Structures are given as structure tokens and as C-alpha cells.
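Scrolling down, you'll hit the structures one after another.
Two complexes are shown next, each including chain A; its partner changes from chain B in the first to chain C in the second.
After this line comes the complex of A and B, so read on.
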């Protein structure tokens, strides 16, 4: 675990920020930081797909929406009218349902969040598999096109179907009890624990992805990126590895969707829009593609600013502009610009040139 | 014992018959060279064996198994490794990491095992590293292990590529112009190296332009011209074959 000491400063920063907000009486910042952490969960997964498997997806908001919407629909639609029907009786027998009261105080019977979460993730996994099989056997940017189509379809489905609340989306989503005493919920009293839950999930995800990158699988992915023919000649099944990475990133997105929906208590169709997918791609690009730290930092900073309304009504335009700017001026990501070099141009910080040795 | 059998192999690109009715076999443990003027179809023949191209006609069998039209990664999995005429390093990876990719088919950790770094996965990773360093050492470039492969000198890159192919522990090694771009000393070095590789029990099939190298180390030579096989024999006989002389020196 020695290599994971890298995470100590991050954990320290996470705790420091929480203490700082408590001290300065600005705990409300934690809400956006929690939401940013969930968006960043999607972004680090997308980073591995884009940076290491070299595939661009313009449909990750679709996977996020699949996670969020399935979870929201299953945990809010009342099954009491169907209580006598076989599927519902079966679910009851299996312990997949939970009771409660709706806002009018009427009895409620819904799927438990854990089961809904599993169904949501499994759905994302299967769709990624079906979408990826034919597409990833082709070379080039076919995945970008196919996922763009997929994203549009998901957006239209959630917008048009009554089950998913049409333009209003779904609200009144209950909290998600991870373990007894730990609830994913936007309720004020749960704000601090939820900040830590989100960060724990995010850091855990980054740990797993870093393991992956520094393993046989990660090497194979980087090899595909470095020289597809040579990777093929070394026995790497390139299509399979690309497909599995795509599925993995889809699962991360769906999980982010599930958790953020329970945290927000609802989800709307804007979460499924293609503009959101473009935003995620832009953030990974700013972070430097094959750079999980860059993706993490940029994911946190840009989402936080966006959620705080920093970009005003130009929000989407800003992300479009970022994408264009990065592609033109810093295709290796913003961290590659070596700001240190600019810094040293200022006389005060200029390094002393080492004296040339006389021969 | 025959390890590789090529039977009436043909490959047509539109109007061009790049490989035309070529048959030969390769004895286990032998070094065989394929020579011929530019455009004779040598590299096409290689790509057909390695699975990068699908033959129009004919058969290729490796250890008794038909492999024509099989995808390259499957061919590699059966134990056929190759190098490329224009070196193909994995950019952004160190020399050692390049060689470690060569261990791919000899290891098996998947997505979940790698993510959760299971004990089996950690053990395997250690073994991959140790073994890969051995191959770098075999080629005398162990001190370059942590250098980015693309930053190495040309000759060293060639060595890394060879180490990567050897790391697969192949039964058959395909070398596509291993001496291309090397000076006479380096070429002689490569020749000695190929003989050492054969001593490891690996059968070698090479495409080469450098006649002195081919004559020195090959047990047998196949000569191609315009896609057809015009001679196949031991070096001393091929050297004196009138048709081969005609093809190489003109009439």
C-alpha cells in the first residue's frame, strides 16, 4: 500500500476544507463540493477510457442518466396498486421493497435503494456492452459517433416518457442508506457525512483506477495507444480491452448518477443532455487526457465553479470554449503548459544558471 | 520436425499478385531466411503468417494447426512473436514496460483482479517484472530499463523490440529486416544474437536484405521474386543458383 501514500495530501485537503467551512461558517459550500465529487467520479472513469483506451465517448451523460433515472424511478413509483400482482409479490418475498409514507401521508411501497442501484448499474453495464461490441471492433472515432446517438436517444426517452417525469424529471427521491447510520441524502443534518461519503467513494475509485493503470491491463491499454499493430502482435486483444474499459467507465458514470440523484433528491432531463457529455469530455481534455490527477483536479474545480453559478448563463458556452482552447493551445492538457517555466521568467524566481565547468 | 508449413499461399491486392503460390516448410530449431529484391512480397508473406493479412488462397499451419486468417493477437497467443521492419515501440512507455507487454500472453490478470490488486495479481506482476528484466539483460540493455523507449538510440530500440518479442517466449520468431539501418558491426552483433536465440530453442524466420548476414547464419534460404518462390536451398547452393543471380544482378 506504500504507493497509495500519494493520497495522504488529498485526504488532508479534504478534511482541511471541511474544517475550514465549519470554522468560517460557510458549510453550504460542502453541498457543491459533494456534487462535484460525484461528477468527478464520472470524469475519472471517462479519463481512463479517453486517455488510456484512446476512445472518446459523447454519451456518458446518458450512462449517468441511466443510473440516476432508474434509481429515482424505482425508489419513488408507488407499487401499492400492484401489490397483489405476481412480480410485486415476488419482489416483496425477496425483500427488495420498502414501505413508507408519501408527502400526503399515504402509504408507499417502493424498491429499496440498494436494489434500485444494482439494477441501474447492471442496466448501464449491459447497454455499454451492447453498444460497444460492434463499435469497438472498428478503428477511429466510431465510438464517439455511436455514443452521441445513444446520448440523444436517452435524452429524448427521459424527456418524453411519463414514467421518467417528462420535462419535470423525478423528485422526492428518498435517501440511500448505504449501511445503517450512513445515509446518502441532501438533508442539511447529513451534509458533513455526505461530503465525506462522496470523497470516500471518489478516492476509492481513483485508487482502483490507478491500480488498473499500473497493471497488466493498464499496460495493454497504453500499448494499444502507443502502437495498435505492435500491441496486437504481442497478443493483446485490443477490441476486448477497449470494450471492458468502456463498460467500466459506464459503470462509474451510472454509480455517480445513482448517488448524486439520492443526494439531490431528484433528477431532471438536463442531466441527460448531450451538452453534459461534451462538458465531461472537455474536463478530461483540460486535465490532460491520460492524467487521472488532472481529471480529478479539473473535475472538482470546474464543476464547483459551474455549480456555484460562476459562469452565469454562459455555463455551457464556457465548456465549449474550454474544449476549443485546449485542442488549439494545449492538447496535452493544461497541466502540461509548465507554468513553472513562465514563473521563472520573473527575475525574482529565476534559477541561477549553474557555472559551466572548465575542461 | 516441421513447425511451420506454408502451402500454396497466395495474396492478391486488386490487380497485384503480391504473393503467388508460395510453399515452404520450416524445421523446428532452424534459422530460415526469406530474401528477394524490393517488392518481391517478403513483408506480405510475413504479414500473412503473423495474421495481419488474410491470404487469398492457400494454407499456413503452425504446429499442425491451421492459422491462416487468424487475428494477430491469437497468432501471438499460439507462440509466434514478431518484430517490425520500422521499429514499433510503445510510445510513452519505458523500455522495461515495453518488454513487460511482451509477457501479456504469458499472464492473465484481468480488470477486476488488477483493480483490486489481488495477491495472485501482485505475484504475477512481480514475476512479469523479473522475467522482463532477464530478457533486457539477455540483450545487454538492462541499464536502459527505465528510459522511455522512444528516447533510446536506434540500435537499442531494436534490442528492446527483440526483448519484447522474446518475452512472449515464442516457439517461432519472425524477424522483419533485423539489420535494417544498422552498420556492419551492429549487423554482425545481430547475427550472433540470432544464433543465441536459436540456442534457446526458438525457431527463427527472417526477412533480410543484408546478404552477408543471411549467408552467415541461415540454415536455409527461400528466394522470392515478384511474389513467386524461385529457389529454396542451403546458402551455398542458393548463392550459385543462376536464377537467383539473375534476379539480384540482372542479366
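After this line comes the complex of A and C, so read on.
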């Protein structure tokens, strides 16, 4: 477990932030921090796909939406009218349904969040598998356009189907009881536990990804990124590893979608928009592509600022600018700029080193 | 389906198809000289429409459109000089992301300048209800403007690339950049010119289509992905293939309206794109051996 000592400062920081907000009476920040953590879950997954396996995806908001929308639809659409039909009877027998009351006090029969979550993630996994086989054979522009196309199709589907609430999206999504006494819900009384739930999920995800990167799979992925032909020649099954990474990142995105939807109590079509996918790519790029820590930090910071409305009506423009700026001036990510060195150029902070005359 | 209805759909398909073809040719011009797919191509079309509508407040229609095309060309040149020209051997991933960033910036700027309202130019002749009869079907005269302008642009571009010295230099640059440099061609200027040219044709198409299809700040993404579909259908870099691909996609889309809901129309174009990418990435008319030599 020695390797995971690196997580101690993060855990400490997470706890410190929570205590700080409690102390300064600004607990409302935790809401955006929780949401940012879920977005970051998607982003670290995308980081491994883009940075390590070298495959761009402009459609990950699609997987997020698949997770969020399926979970939302299953846990809100009333099954009582179909109670006599075979699939519903089967689900009841398996204990997959739960009763409840809607906002008008009428009885409600819906799929339990756990089952809905499983169905959502499984759907994302299957779609990623079916899409990944042909898509990952493509390179460069073709891969970018194909994933972009996938994202737009998902966006059009949620926008045009009545089942997914069309332009209004789905609201009134119930809380998600992970274990008795632990509820993913946006209710104020659950704010602090949810902050920790989100971070636990996120840190577990990063632990998993780090193990993956430092394993044989990770080395294979880096070989693929460096030169697919060379990796192939060395006997690396490039297609298999690319597909697995694609599916893994899709599952992370879908899980983020499920949890955030239950946390927010709803989801709208903007979550599936192309701009969201581009934003995730921007954040991975700022973090330095093949840098999970960079992706994590930038995912938290940028999402938090965006959710707090820091960028105002220039929200999307800011992410566009970030994309261009990073790609023009620091394609290795913002951390590669070595701001520390820049800092020392300012005379006041310059270290006193003996002057060396150049010959 | 009656004959009238059939012709009606066909004309609609050709109208949209010729716009897609122009966007695809815009992709091709830049791709040929740089190897870059310019994701901001659809934004040129949007700018052409929006700028014409704005200039129309001060100028009569023809000079307004002319000025809009000129300004868009200037923007195209500016994009190339600011973001592309000085990069040394940029990777493809990097170029994709930069042009996506540029498209976002243009779109957001348009949102802040013109708002999210749907706008349109007035009809060039007559109005919304004036129509011409073509064997029973009613067709707006604006359709003829769109198809005619796009057709003229294709012819003019062909003459430009075949018969003029600059056009031949651009083709040389596309065929073999190093050889072009050795022949004394300034390839960097050719790249700028390719951005100017594709911004110009995009803007002109955007202006003539505006009365029928309307212009909004965010139409660029949809047009770009359809234009790209068409460019792939016709074989990337092949402009006559793009015309055929454009008409094909336009007609398929128009007839699909009778089968699937309008909201899924975009999904059809994208599904075609995905299928063609998987099955024939070198296009309907290209050869796979030639495609293997190109870098995507």
C-alpha cells in the first residue's frame, strides 16, 4: 500500500476544505465541489483514454448522458399502468421495483436506483463496446468526427424523445441509497456526506486508474500512444487495449452521470451537448493529457469556477480560449510550463546565485 | 408518393445538398494545402449570413453580401495567421483541438454580438409565398439562387484551380509541399489563401441560403459535421466528389423526412457518416490505395 501514500495529502485536503467551509459558514461551496468531483470522475477516465491510449473522444458527454438519462428515466417513470404486464411482474418478483408517492401524492412504482444504475452502466458499456470496435480503428480527424457524431446522435435522441423529457429533461429524480444510511441526494441535510461520497468514488477511481497505468496494460497503452505500429510489432494487441480503455472511460462517464443526476435530482439535454464533450477534452488538455493528477486538479478547479458562475455568460468562450491557448503555447499541459521557474524570473524572487559569466 | 411530392422533396434535397457541397469543398481546399480539417468551417457559413443581415441595415442587398463575404475572408485570413501559420509541425490532435477552439470562439462571439435570435435575409426576388411551378411542384425562386450560386462557385473554383497561375500553385502545394517550395512557391501564403478562399465560399453560401434556412449563431456545428460527411462521401480532397456527395446526402435527408421524424434528421446524416467511415473511409469514389498514402 506504500504506493498509495500519495493520496494522503489529497484526503487531507478534502477533509480540510470541508472543515474550512464549516468553519467559515460557507457550506454551500460543498454543493459545487461535489458536482465538480463527479465531473472530474469522467475527466480522469477520459484522461487515460486520451493521454495514455492516445485516442481523442469528442463524445464523452454522450456516455455521461446515457448514464444520467437512463437512471433518471427508470427511477421516475411510473410503472403502475403496466403492472399486469410480464416484464413489470418479473421485475417486481426480482425486487427491482420500489413504491413511493409522486408530488401529487399519487402512488408511484419505479425501478430502484441500484438496479437503474446497473442498467445504465451496462448500457453504456455495451454501447461503448459496439461503438468502439469500428470507431477505434479510425485515426486523427476521422476518430474525432466519428466520436463527435456519436455525441450529436445521443444529444438529438434525448432532445427528441418524449421518454427523456425532450428539451425539459427529467426532473424529480429520487435520491440514490448506496447503503442504508448513505443517500446520494441534493438535499441540504445530506450535503456533507455527499461531498465525502463523491470524493470517495473519485479517489477510488484514481487509485484504480493509477494501478492500471503502472501495470502491463498501462505500458501497453503508452506503447500504443507512442507508435501503434511498433506496439503491434512487439505483440501488443493494440485493438484490444484501446477498446478496453474506451469502455472503461465510458463506464466512468456513465457512473458520473448516474451519481450527478441523483445528486441534482434531474438532468437536462445540455449535459449531452457537444460543448460539454469539448469542455472535458479542454480540461484533459490543460491538465497535460497524460497526467491524471493534472486532469484531477484542473477538473476540480475549472468545473468549480464554471459552476459558481465565475465566467458568467462567457462560460463556453472561456473553455474555447483555454483550448486554443493550451494547444498553441503549452501542448504538454499547463503544469509543463513550470511556473515556478517563471516566478523566479521576477527579480524580487530571484534566487541569489553566484553570477556566472558566459564565455 | 405523387410525382409533385417527389419533385418537391428532390428540389429540397438539391438545395440543401448544394450548401453541404460548398461546406465540403471548403474543407477540401484547406485540407489539400495543409492536411488539416478545419472544424470552424461551418462558422464561416454562419458569419456570411449574419454579417449580410447586419450590413443590410446600411447598404442595399448586393453590396451588403459582397462586404460580408469580404469580411469573412478577412476573418479566415486572420485565423490562419494567428493560430496556424507559426506552428512548427503541429500534430493532428493539436490542430483538431485548435480549430475546435476557434469555432467555439467565433460561435460565442456571434452569440454576444447577434444574440440567440433566428435571423434571415429577405428573399432576393419576391417573398416567402412567391413560387415557380416545376412540373406541378411549387419551388421558391430563392432555391434557384442557392443552387445557381453554388453551381457557379464550383465552376469558378475549377477554372481557378485549373487555369490561373495562383490556382496551379495551390495545387502544387497540395500535391507535394516540398517540391512546391523548391519551385519557388511560398507555401505559407498558399495556406493563408486557402483559408481566405474557403471562408469566402462558405460566407457566400451562408448569405444566399439565409432566406430559406435562416441563420442562427450555432448553425455551424451541424453544417460542419454534414459538410464533413459529404467530404468523406466524395473522398477527402476531391471537390467534384464533394458535389456528388452533397447532392446525395441532401436528397437522402429530404426523403428521410417522409419516414422518420424531423428531429432525427441530423442523426441520419451522422449515421451515414459513421457507416461510411467504417466501411469506406476513402469515400465512394476514392481508392483505398491512394487513401493509404495520405495522413489523417
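Throughout what follows, the second predicted complex is superposed on the first by the 343 of 359 C-alpha atoms of A that agree within 3 Å, B and C clash if a C-alpha of one lies under 4 Å from a C-alpha of the other, contacts with A are read in each partner's own complex, and residues count from 1 in each chain.
Please note the rule applied: a contact is a pair of C-beta atoms (placed from the backbone, for glycine too) under 8 Å apart; a residue touches a chain by one contact, two chains touch by 3 or more.
Please read these numbers as outputs of a predicted model, since none were measured by experiment.
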Exercise for the section: Using the superposition on chain A described above, determine whether A:153 touches chain B (first), chain C (second), both, or neither. Expected result: second
Exercise for the section: With the two complexes superposed on chain A, say which partner A:215 touches: chain B (first), chain C (second), both, or neither. Expected result: first
Exercise for the section: Quick one: name whichever of chain B and chain C touches more residues of chain A. Expected result: C
Exercise for the section: Have a look at where A:237 lands relative to chain B and chain C in the superposition and call it first, second, both or neither. Expected result: first
Handout entry: First (chain B), second (chain C), both or neither touched by A:10
Key = neither
Handout entry: Which superposed partner A:27 touches (first chain B, second chain C, both, neither)
Key = neither
Exercise for the section: Considering only the touch criterion stated at the top, classify A:125 as touching first (chain B), second (chain C), both, or neither. Expected result: neither
Exercise for the section: Scan A:227 for contacts with chain B and chain C and give back first, second, both or neither. Expected result: first
Practice task
Please identify the positions on chain A that touch both chain B and chain C, taking each partner from its own complex.
Solution key: none
Exercise for the section: Spell out the part of chain A that touches chain B in their complex, as residue ranges. Expected result: 208-209, 211-212, 215-220, 222-223, 225-227, 229-238, 244, 248, 290
Exercise for the section: Using the touch definition up top, name the residues of chain C that touch chain A in the complex. Expected result: 37, 83, 87, 91-94, 96-98, 100-105, 107-109, 112, 221-222, 225, 228, 232, 261, 263-264, 266-267, 270-271, 273-274, 277-278, 281, 295-296
Fill in the blank from the handout: Listed in rising order, the residues of chain A that touch chain C in the complex are 54, 56, 58, 134-135, 137-142, 144-146, 148-150, 152-153, 156-157, 159-160, 274-275, 278, 281-282, 285, 313-314, 316-317, 319-324, 327-328, 331
Practice task
Using the touch rule from the top, collect the residues of chain B that touch chain A in their complex.
Solution key: 50, 52, 71-73, 76-77, 81-82, 84, 88-93, 97, 100-105, 107-111, 114-117, 121, 124-125, 128, 164, 168
